[in-house]
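Structures given as structure tokens follow.
Shared between the two complexes below is chain A, which has chain B as its partner in the first and chain C in the second.
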Partner chain A sequence: MVGAFQDGDGRPTLGNLDALTSDAALSALKGSLVLSATTALIGAALGALLAYLVVSLPSQSLLRRTTLAISGVLAQFGGVVLAFAWIATIGSVGIVTKAMSDVLGVDIYGSGWLFDLPGLVVVYAYFQIPLMVIVFAPAFEGLRPQWREAAVNLGASTWDYWRHVALPLLTPAFLGALLLLFANAFAAYATAAVLVSQGQPIVPLLIRQAITSEVLLGQANVGFALALEMIVVVTIVMVAYNLLLKRTSRWMR
Partner chain B sequence: MNTRKTLVSLTALATLMSVAACAAPEKKADTTTESGVDAATATSAEDFGGMDELVKAAQDEGELNVIALPPDWANYAEIISTFEDKYDIDVNSDQPDAASQDEINAANDLKGTDRAPDVFDLGQSVALANTDMFAPYKVETFDDIPADFKDADGTWVNDYGGYMSIGYDSSKVPDVTSVQDLLGPDFKGKVALNGDPTQAGAAFSGVMMAAIANGGSADDIAPGVDFFAELKKAGNFLTVDPDSGTIEQGTTPVVIDWDYLGSAAAANVDTWKTVVPEEAVVAGYYFQAINADAPHPAAARLWQEFLYSDEGQNLWLKGGARPVRGDQMAEDGTIDADLWDALPEVTGDPVIPTDDQTTTAGEYLAANWSKAIR
Partner chain C sequence: MTPTRTFKVVRAVLLLAFAAYFFVPLIAMLDFSTQARGSTEGRTWDNWQFMVTDEDLRSSIIASLLLALFTVVLMVALLVPTMVWVRLRVPRARGLVEFLCLLPLTIPALVIVVGISNVYSWVTYLLGDSPLVLTFAYVVLVLPYSYRAIDAALSAIDVATLAEAARSLGAGWFTVIARIVLPNITGGVLGAAFISVALVMGEYVFASLLHFDTLPVAMAGIYRSNPAAAMAAALASMLFVALLLVGLTFLSRDRHRHDQGAS
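Right, the complex of A and B next:
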């Protein structure tokens, strides 16, 4: 953190923070926020749906246990391996790309979108959705059947129950999970590092450039400043997450 | 309760700090050889008492740490194994895909340990910015090396170079004769650049080549950036980092890179062709240097002797790179003539950007590259 306020010779400076307002840094921050928000929303929506379907199965159901187990594995399946898995699947000579063009004559590869921000969205969703399933399934399980019975006894329809009981209960947990997913995508690096080599569209890649560039020298302190910027964003997200968590736990005892 | 928390945190902090303090003990290695020569300050084989003594001193050390030498880059795989077999010294090749700046970072981070890199192979700007980390050393063939390609004291010496080229798989795309061809519809999603030009020296030279092909110069790289913006708009620019793997798979059918890397790709892809566009000839040399804090100083010096020997130079040539002593060796008849004649043909005066031009162009790229290819 100290390094963010020093120049190459260790003298104090605010110049690095200035560098954060450069076009490249701002567009990387924007890219990071857009990527994290998009994949968090996609992951949260699809993950919540999947969690609901899974939890409504009987607790001994094989399908339920398998889905949860696979989610547990896939939520951690990030990094280099994941990137290569996708390249092998929908890269220019990927299995699916080949099959689609041979059988249907469709070119899903286009001009290499997999290796740009849209590609990152697809690939990140692959670990965001399962993560949502594991963090959100307990919230569904926390909905006690008694509450539904009570609502029905009082004359509520299914819609009334969801509208007035279940959704308000689930909302804090949902928003909390959304923030967790956001932070997860925001901090991910290795997957993006393998897929995207040009233009550094997100902050972690811009930090890589600042530290390892052999064209622009002496940028290490700008890297520290960028890291500080990331810490600030993640701190905001985590504080919000904790507030929501408190609110959720009040209901879910 | 709060006092306890504070105490616990303080203890934890103190523990961490003491661990950090012992992390890298500064070991002042004894670099004096059996015959009483300080290998770390030796500036020529003479200082050891001749090549035989140098070999003996290096063998006593038994190991050599190299970094950022990809096996498929300028034939380094064979160079390393030949050196190991010839002198019976183990070569530890660390982070083969790292960039030049990573080499310097590793040398600083590992300083004082026996894992620090012994020798560097660096791009121009990184090399010239870090000369105080190098140990001056003159190999036996030092006088053969043209004066423009070495520091007078041997602090650094150019090792091998090449020309910026367009490599392509001729079974997938039509023949390429100029940079402009790449804008054509046959190249949709197919043109890759070796790295990001704000990071990698090779990619930087690629943009420089495009600049010169489009009316720019070493002082004005802007037309090169505009060219790639156009390439991106046409949907032709692929943001994949190409290497011999992606070339073999076919993910990157067209690659802008040094010509010697193109010829390495050709080894695995029969239909691979490499052209140096005649309207834009950009040359570049890499820099070789010894780490002043090398944990194996004698082995590091022996490695240099090996690289600049006829054998070492021919091994680089075998990888398609132009060894720095190439012209002299061609005159002396010690070069592998078949390989020398097989290098891609180059016409016109090559442009070699100076350090200042590189810095200016780098700043322009930092401000404009990511915008151009978005």
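Right, the complex of A and C next:
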């Protein structure tokens, strides 16, 4: 059944692939890559921090279980609702915007940055951080206290322990999670579609323009070519992810 | 290692900061959705009532709920017999089935839309243009999640023995699946259903690009004319989905507890 749908996928001629090197397509690809990389890095760093904070709580703590449950919900959270939530927060009449201008006299809305790439970074972080927490918390939980005790017994300071034991163990898991977040941001569409109404800063929006355009006919095939481009990027990321996953599973049992 | 006092303070501050980042937008939505229209002061629930009174919004909510229902029914009807059959008769095909089911997870939804937009022009031609035809696409979309939930439940029971016992007592394959296996994996099926409903309620990519009026599409449309009502609908759907997902975590926790009790 899945296969049947994939058959409908574009069989692009070389002409459509040429469209990929147009200025619009290249800048959209660049925008997408920058956006995905930035949000993956921010999400991974903050998510790892939050995961560490949560895991350092006692394992029966209510706060710990609630945070993990909320993360599970928020990581699935996206699309139209998320876009609305941020418009209500830092849109032109959002509560934070109003509070800031009332109290501090600062205009954080500016010239509408929320509706362009920088805004997307803030908004995407909202689901990237929780995703990182649920992906990465098990890695922290896998760090056995015995390893730390062993290191301390051998005369290691806290810094030595993190530098020589914990970080090397966590690195593959961290990189793997980073790739997962990258693919997640790269594939996201709905939030951006609602927020960004002018211009096509990222590939998914360019595809929307290509397949829904009423001005230019025959753009659908360009959409296929762009979709192919997305598949290529995601495939590369996923292959790398699987390689890292194999390496991670050596220690995280 | 007991955490030091400084660490505890820093941890509390950081956790509060994260909580603010995650909850302020939700509170902002609530605030926005209860504002009276125009420049009048005060609070009102009119925007929440709009969900019931507005024709378009109401029909889109009904469409989304029906879609969720049909998707779940079709998903269970397809997935459970297939997975039981594969487990019992063709274990070699298991890897293939797993690969096919997890495939939609790695391909961006947008790419699938681009791929099936041609297929859908035929589907709408044959079956009419009710949003409910999206069921077929959504079943594919929820496959990865449902597969995992049902697979975990099936692994926990001894399907082969159950099926052989039932068969030797004269049960047909339909009876085996519907009356023997299904009651034993209720937890997994319920979990799969919850996550499917959650996904379908929030799905925007397929519906908007194929031009069907489901709830998220209607919300995005109404936002232009009546932002507050759109916010109210968005918050309501978000709460509904959150409830389902929290229920899901409780379901899986209960299952773990049972497992531990049995072993």
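Throughout what follows, the second predicted complex is superposed on the first by the 241 of 253 C-alpha atoms of A that agree within 3 Å, B and C clash if a C-alpha of one lies under 4 Å from a C-alpha of the other, contacts with A are read in each partner's own complex, and residues count from 1 in each chain.
The criterion applied here is as follows: contacts are C-beta pairs under 8 Å (C-beta built on N, C-alpha and C of every residue); 3 or more make two chains touch, one makes a residue touch a chain.
Everything numeric in this text was worked out from a predicted model, so none of it was measured.
S.K.: Clash or fit: chain B and chain C on chain A?
M.R.: clash
S.K.: Using the superposition on chain A described above, determine whether A:Thr171 touches chain B (first), chain C (second), both, or neither.
M.R.: The answer is neither, since A:Thr171 touches no partner chain.
S.K.: Comparing chain B against chain C, which has contacts with more of the residues in chain A?
M.R.: The partner that reaches more residues of chain A in the superposed model: C.
S.K.: Is A:Ala85 in contact with chain B, with chain C, with both, or with neither (first, second, both, neither)?
M.R.: Second partner only.
S.K.: So, A:Ile207: does it touch chain B (first), chain C (second), both, or neither?
M.R.: second
S.K.: Looking at A:Val234, would you say it contacts chain B, chain C, both, or neither? Reply first, second, both or neither.
M.R.: second
S.K.: Clash-wise, after the superposition, say which stretch of chain B runs into chain C: 41-49, 113-121, 203-211 or 221-229.
M.R.: 113-121
S.K.: Do chain B and chain C touch any of the same residues on chain A, and if so, which?
M.R.: Residues 87, 208, 211-212 of chain A touch both chain B and chain C.
S.K.: Can you check the complex and tell me which residues of chain C touch chain A?
M.R.: Spelled out, the residues of chain C in touch with chain A are 1, 3, 7, 11, 14-15, 18, 21-22, 24-29, 31-32, 78, 100-101, 103-104, 106-119, 137, 139-140, 143, 198-199, 202-205, 208-209, 216, 219-220, 223, 227, 230-231, 234-235, 237-238, 241-242, 245-246, 249.
S.K.: Going by the contact rule set out above, which residues of chain A touch chain C in the complex?
M.R.: Touch list, chain A to chain C: 1-6, 8-10, 46, 49-50, 53, 56, 63, 67, 69-70, 72-74, 76-81, 84-89, 94-96, 126, 129-130, 145, 148, 183, 186-187, 189-190, 193-194, 204, 207-208, 211-212, 220, 223-224, 226-227, 230-231, 234-235, 238.
S.K.: Mind listing the chain A positions that touch chain B in their complex?
M.R.: 22-24, 27-28, 87, 91-93, 109-112, 115-116, 196-201, 208-209, 211-218
S.K.: Under the stated contact criterion, what part of chain B meets chain A in this complex?
M.R.: By the definition above, chain B touches chain A via 98-102, 105, 122-123, 125-126, 129, 188-189, 193, 195-201, 204, 235-241, 249-251, 358, 362-363, 365-367, 369-371, 373-374.
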